[in-house]
């Protein structure tokens, strides 16, 4: 399939949007049809993204398959899409996880499954939009529109506390992103003041130099928006609620994707737009990220609600991703991207498993489980596999990302590396402890009725498992494509920093040569 | 010739008395009369300004204001009749079904 | 002399206006208002607006106040406020704010009047029916037409509200 | 470095075969019969073992300077200036290791077929076990630090999986978790070590790092790297203070204990230190640390083994103790001796564990040595092979353990001093004592079986044959390293010599030869003494009361020892409880209280502030008008403040 | 003395004339045919003709020599907008009027008269004209609000509205008097040149009569747009009024007055405007915050929308404060969007009314939030359109509301009012909660045994709503054509 001359990115976004529209327009149809339609659309999208992957030129750092049309010429806003090494895998993981989410929720949604699928498709369109937009306004559009299906997924199919969860989701994410809108507008006007053209085109906006007085508030607004979405401690408390209250595993998976948009936005927008802010405040952000990493792990340890546990583990992992981004070197950034992909897979699969457990046990309370292995060995095997993947066993996907992040952090500052890698011990502890409490131990009688995985469920879990191994064993497939874009990103940031003549004693970005002796002495 | 702004001041006071009455009385008809007071205060101001500036615009305005006042009062009184027919009251404080 | 006339008219206007809002019975308020309107008409006359003064008497006293009287008498609303009068919070605050507003207005207008030109010399037929008519039917023809529509609206509206069906 | 050619280009098959077996058992194990499973599992390992032997054969034919073969599979993690390919390294060290690992694994696999025959998770067991062998082989064949780390974590994972294999037992689950987390704690240091190596060398290849170590590293840096790497080894090889997981790991099925927790995985730490020996050599501090930790471990665990009554735990403590010996060997500059001891210990300990497995099997899962006895007549094959193992372990001259232990003893005498040697000799005596305490209690004396045991299970031939083969190895394995003092060639040392840079001490002069013989004599006598003491305590009628009396006299010491020097309890209080406390604090006090309350508080503020609005909306017209007037007043006031 | 009638340029005031004529014609039709539907048809025909006439006017420079009325791009834009608003109001009224026993024969002409008032208000170039048009608008609205004579709430709303409205008119009138006193003229253009000749804000400050006059005028006008603190009447009246009229109140009459204020501060009072920035800043913040917080707590959907419309006035003021071309564009754009969203939202509510609605509050109508539970499954069309409106009101992208807010906040940021913009976006975030909350309620999964409910609303009404919904989305996705139109209108205003 030669897709080089297609507007493939538009199709990727529009297809699920149209699919969702169709589903919403035919609410009276039987639920079977919309489900099939959704799965079909998601499947086609997945194939399309795979074709995109094949046609992607790994050597190029620039935007590929770019499309640009005027949208609101009055504002200089364009409908501008493109994909590079950073977003390519975000796109792939999105199409993949959406497909998986639909697959896994096939029998799980009892009421209005068609509507549910529609919202999932809408989410897909929004997510892909976020990852593909090359125009700040367009990005913002997708960024905000994403929330609506999310809100409904939790609000309609959620658990008892769903109201509270949705309120939190809205307050946090909307508050953050609307502040960002003001910052976007400021940036836009600054750019106009400097160049005389009104544009939201991200590549042009990269060149804007922001006056010193506005740097901090603007950077902060962007930062908060992305940090909330990521979510970075202390902006994270919406996530456990959102995760815990979304009973459908598919929805949770999508939440998992949603939070990747925060980290992605840091890479795509924050670093290039605010390299000076990033460089000067990187130590602070890194501290925050490390804190998040530790904090999430600590709190996950004492959770009794299995979904909250995994949610907090996401918080912890996200800390790691942010760390990777803000150590501002190639290993860190590549690691962060790999980590995003891996977490989407491993945590996503864990959530699917929890959903399967929930379907049988009707509980999320770990203390109500135990000894499940006896009756569900196959699920136990998958559960173990993905738990181990989350723990970061080499050969599985998470390890590669983790290690690169550690290495990146370690090269910048030994302390960062030490702190980050220490949390891995805790991660192992709480995840395996969870596994123990759920799967091991004497089995109560009622678990007898918990039948093992069906064929469909097995398939649902096998696909991510294969990917986890594939990425773990051969991450080069990803790294080769990420590297040109990631290094271009760093080079651009560095160039912009050089123009600004940031004092040399601040962190230098791409080349993080440290004198190890000195660093180690400080450690001593 | 007396300084026209003394008339103006009378207009201001009439207007003010209208406002005071509107805020303190409860009978709908009295409230409407207070509005008449306010309009008359404004009229007086207009006419005194006319005298000061020598243009006729103010007087024309007052003429129209009177018509408006008449129309407003007519409509208002018809609504008052409707109210009274429904609730047998003219106490404006008793018209509080619509709140919060 | 003119001063005296003014003061009489002014005192009459203000006093009867006060009476409008102080009377217990609506009927007395209506009558007080009539006095006010007449006093105002008097002042119009003194301010070189003879035509307005006439219209004031005819339109206001002759039409509007009659309407008031008519309604008051028709409704026979006997409950007076005084019987149930309690100077509640709303009443007190209202009075306070309104009085404050009045004082503020007086202060500012007073201050302003020292800045504007006092009196313009006007032609003798200033404010006469002829001069006014001249303006009305040339410059302000459109508003006059509009007033016609307004009156039509009032008629239609009253018909709508009173439920007049053909 | 030599490009892999000929047979060596098939080197990758050595780990790949077990992997293939593992995958087969993972994917199809539930569908096929146990027989197929066992054939695939044992067959794949067996092929790997045969291939190892063939490789060994070819390897020996290579000239010494060419005995360094690298086989790069593909570039695994390329990222900027960092690159970590999957590459395999075959040098004398890894050569002997793969041979030992594949060989012992094969035997234990065969044994397991019999041992696990009635387990319903038969396929799962062999999946784990094959996977373990794969990772272990990858570990020893690794050509760079990161590949080694894959194997390192992989074996840890498999260990975890196998420890918790009996999923219905809470104790097994707990032990698995403990093993994983404690070793992971060690790995934390190891990771840092790898990263520090990369930062220093801009490379993680053994072939590039190790030869350049003395050029690149400052002494301080060498110490740091060595200590960090050693941290990993401490965790994996269960050295004090991270040794507590290993005794608990005995929850695993016994063949697993034999393979993972005796012969192979736990020795990975020793292998690692030996592998990075050039770095350790640059730092005397690191060397002494290794030796001291090894010594502490050897002593502590030997004393604990004295009083323990669980047959497998005794062996586990013994393993820990012997690993301590190996580290002493590394620390005192005798890496070849350490590796030699690693090999002989692997044979002997695997044998002992498998024997213990047979005992346990015979007595229906009985593990307490106080409820055994008089098994000699019931399971003679086990009895005799166990005896060989115990003797080898005790260091009775002529058997494998003797040669290797004495090589270490001699090196520690020469390089570490008399005191070190003395302590080690005493420990050797203790070793002999507890080995035979176990042996006598289990096989001799009167029956103290659990009453419901009516008939012993006789081990099937698949179990006894591996025992016998291992017994042979334990008996003769030492002959690959007969010291010069005894007229041997010490072939193992010379074989390994290319891996280890020339040692400080001189090898076998006339003087040292005599000294060596003297040292050997002393240690053998101490070992004999231990055996005799054990016989007196547990077999001879006169001494039967002695252990009880001793226990009463030294009850404080006894409690101290039987609680394992209170390591577990201290860790529980100092780390686990604190950690849980902190976690609870962060959750309850910070997350749900402070952060959540901030949000709720903000929302409450908005809503609470909003409560004013209904009060304002009174429905009263005058009130509305009041607002208008008030608004006008305020605006006027703004424009003209009096 | 010879009286010469002025030459009124009929051509340029044609749309207004057509509306007036057809209103009167409709009254005649009512007298003779007695069929409300005929009246409806007449009015609609009139509106269409007026619309076509206005569209023909668009883009043509029309010379119009009068000090009373302006005819330019700005007025044409608003004329078209008001005619459209009127048409939508009529359309959503049709079944509502029949269901609630309102006298349609007088109702529809009054809507037209109100529209005429709006159109003239925007064109006014003179305080007298302004006052009269405003009164025409107000008086029509008073009666429309009270047109459901059977219902007490409607009557109460009417009396409240007329009392407070007349009170506000008093302020307006007195303010006009003072302004007239200060400047000596009631013509906008003369005022502009007089004030422009004074020389800056300092001199203006020495004209207390002018300042206070404008302040009192703003009280009157602020009342009409329901700006805090002159907003108190709005929720009550909005709730009591017939729902389509609520829509008209919250869109048409508001937009007309805002357009007027825009003209006032751009032409006659341009010298004063900078002084008002501070005041309007505070009022904007108050309007937004109070509106949103109150809507957050409100359980009655109509009142909720009333408060939300107060909040939207706040948003509009945000751009107003910018006092720039960009700000005006934003206001025009948002007004147009808001008209569609607001009318469609109230239209949905109106369309959910059952026939033979009762005489007490809310009977027969869906007012309480609980009434909307799972509406999406029983009344899919109305629920879907209402959802679109809510999303748009909330400013979710791909709806018109987002583009509008983008322009509004953009104008504020551009003018340096970043703080105000921040407050506005935070308010937007708060508002999401209740908009989406209602939406969530509408799509709450129905229980297994939820009672079935017949769909209500006429096909015609649903079609109209559908068109509105599609318009909201279409404008949200591709607003460019409208933006071009608005640029023209704003240029006309500035060029004046």
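Odds and ends about this structure:
As written, the chains take the letters A, B, C, D and E, and residue 1 is the first residue of each chain.
In this section, contacts are C-beta pairs under 8 Å (C-beta built on N, C-alpha and C of every residue); 3 or more make two chains touch, one makes a residue touch a chain.
Quick caveat: nothing in here was measured; it's all calculated off a predicted structure.
The chains that touch subunit B as well as subunit E are C, D.
Interface comparison, B-D versus B-C: the pair with the greater number of contacting C-beta pairs is B-C. Innermost chain of the displayed assembly, by C-alpha centre distance to the whole-protein C-alpha centre, is A. A straight line joining the Cα centres of subunit B and subunit C is 6 Å long. Chain centres here are Cα means. That of subunit A falls 37 Å from that of subunit D. The distance from the centre of subunit C to the centre of subunit E, with each centre set as the mean of the Cα atoms, comes to 31 Å. Centre-to-centre separation between subunit D and subunit E, using Cα means, comes to 79 Å. Within subunit D, contacts with two or more other chains are made by residues 613-614, 617, 619-623, 625-626, 629-630, 632, 636, 640.
Counting only residues that touch two or more partner chains, subunit B has 8, 15, 18-19, 22-24, 26, 31-32, 43, 48, 52-53, 57, 60, 64, 68, 71, 75, 79-80, 82, 92, 95, 97-100. Multi-chain contact residues of subunit E (touching two or more other chains): 128, 132, 135, 139, 142-143, 146, 149, 158-160, 163, 167, 171, 178, 181, 208, 212, 235-236. Working note: touching chain pairs come out as A-D, A-E, B-C, B-D, B-E, C-D, C-E, D-E.
If you check the complex, the residues on subunit A that touch subunit D are 167-168, 171-172, 234, 236-237, 295, 298-299, 301-303, 329-331, 334-335, 371, 373-374, 377, 380-381, 384, 388, 393-395, 399-400, 403-404, 406-407, 410-411, 417-418, 421-422, 424-426, 428-429, 432-433, 436, 439-443, 473-476, 479-480, 483, 487, 514, 516-517, 520.
On the subunit E side of its complex with subunit B, the touching residues are 127-128, 131-132, 135, 139, 142-143, 146, 149, 152-153, 155-160, 162-163, 166-167, 169-171, 173-174, 176-178, 180-181, 184-186, 235-237, 239-240, 298, 303, 361.
Subunit B contributes residues 1-10, 12-27, 29-30, 32-34, 36-37, 40, 43-44, 47-48, 50-54, 56-57, 59-60, 62-64, 66-71, 73-75, 77-82, 84, 89-91 to its touches with subunit C in the complex. Within the complex, the subunit C residues that touch subunit D are 90, 93-94, 97-98, 100-101, 104-105, 107-108, 111. Across the complex, subunit B meets subunit D through its residues 19, 22-24, 26, 31, 92-93, 95-100.
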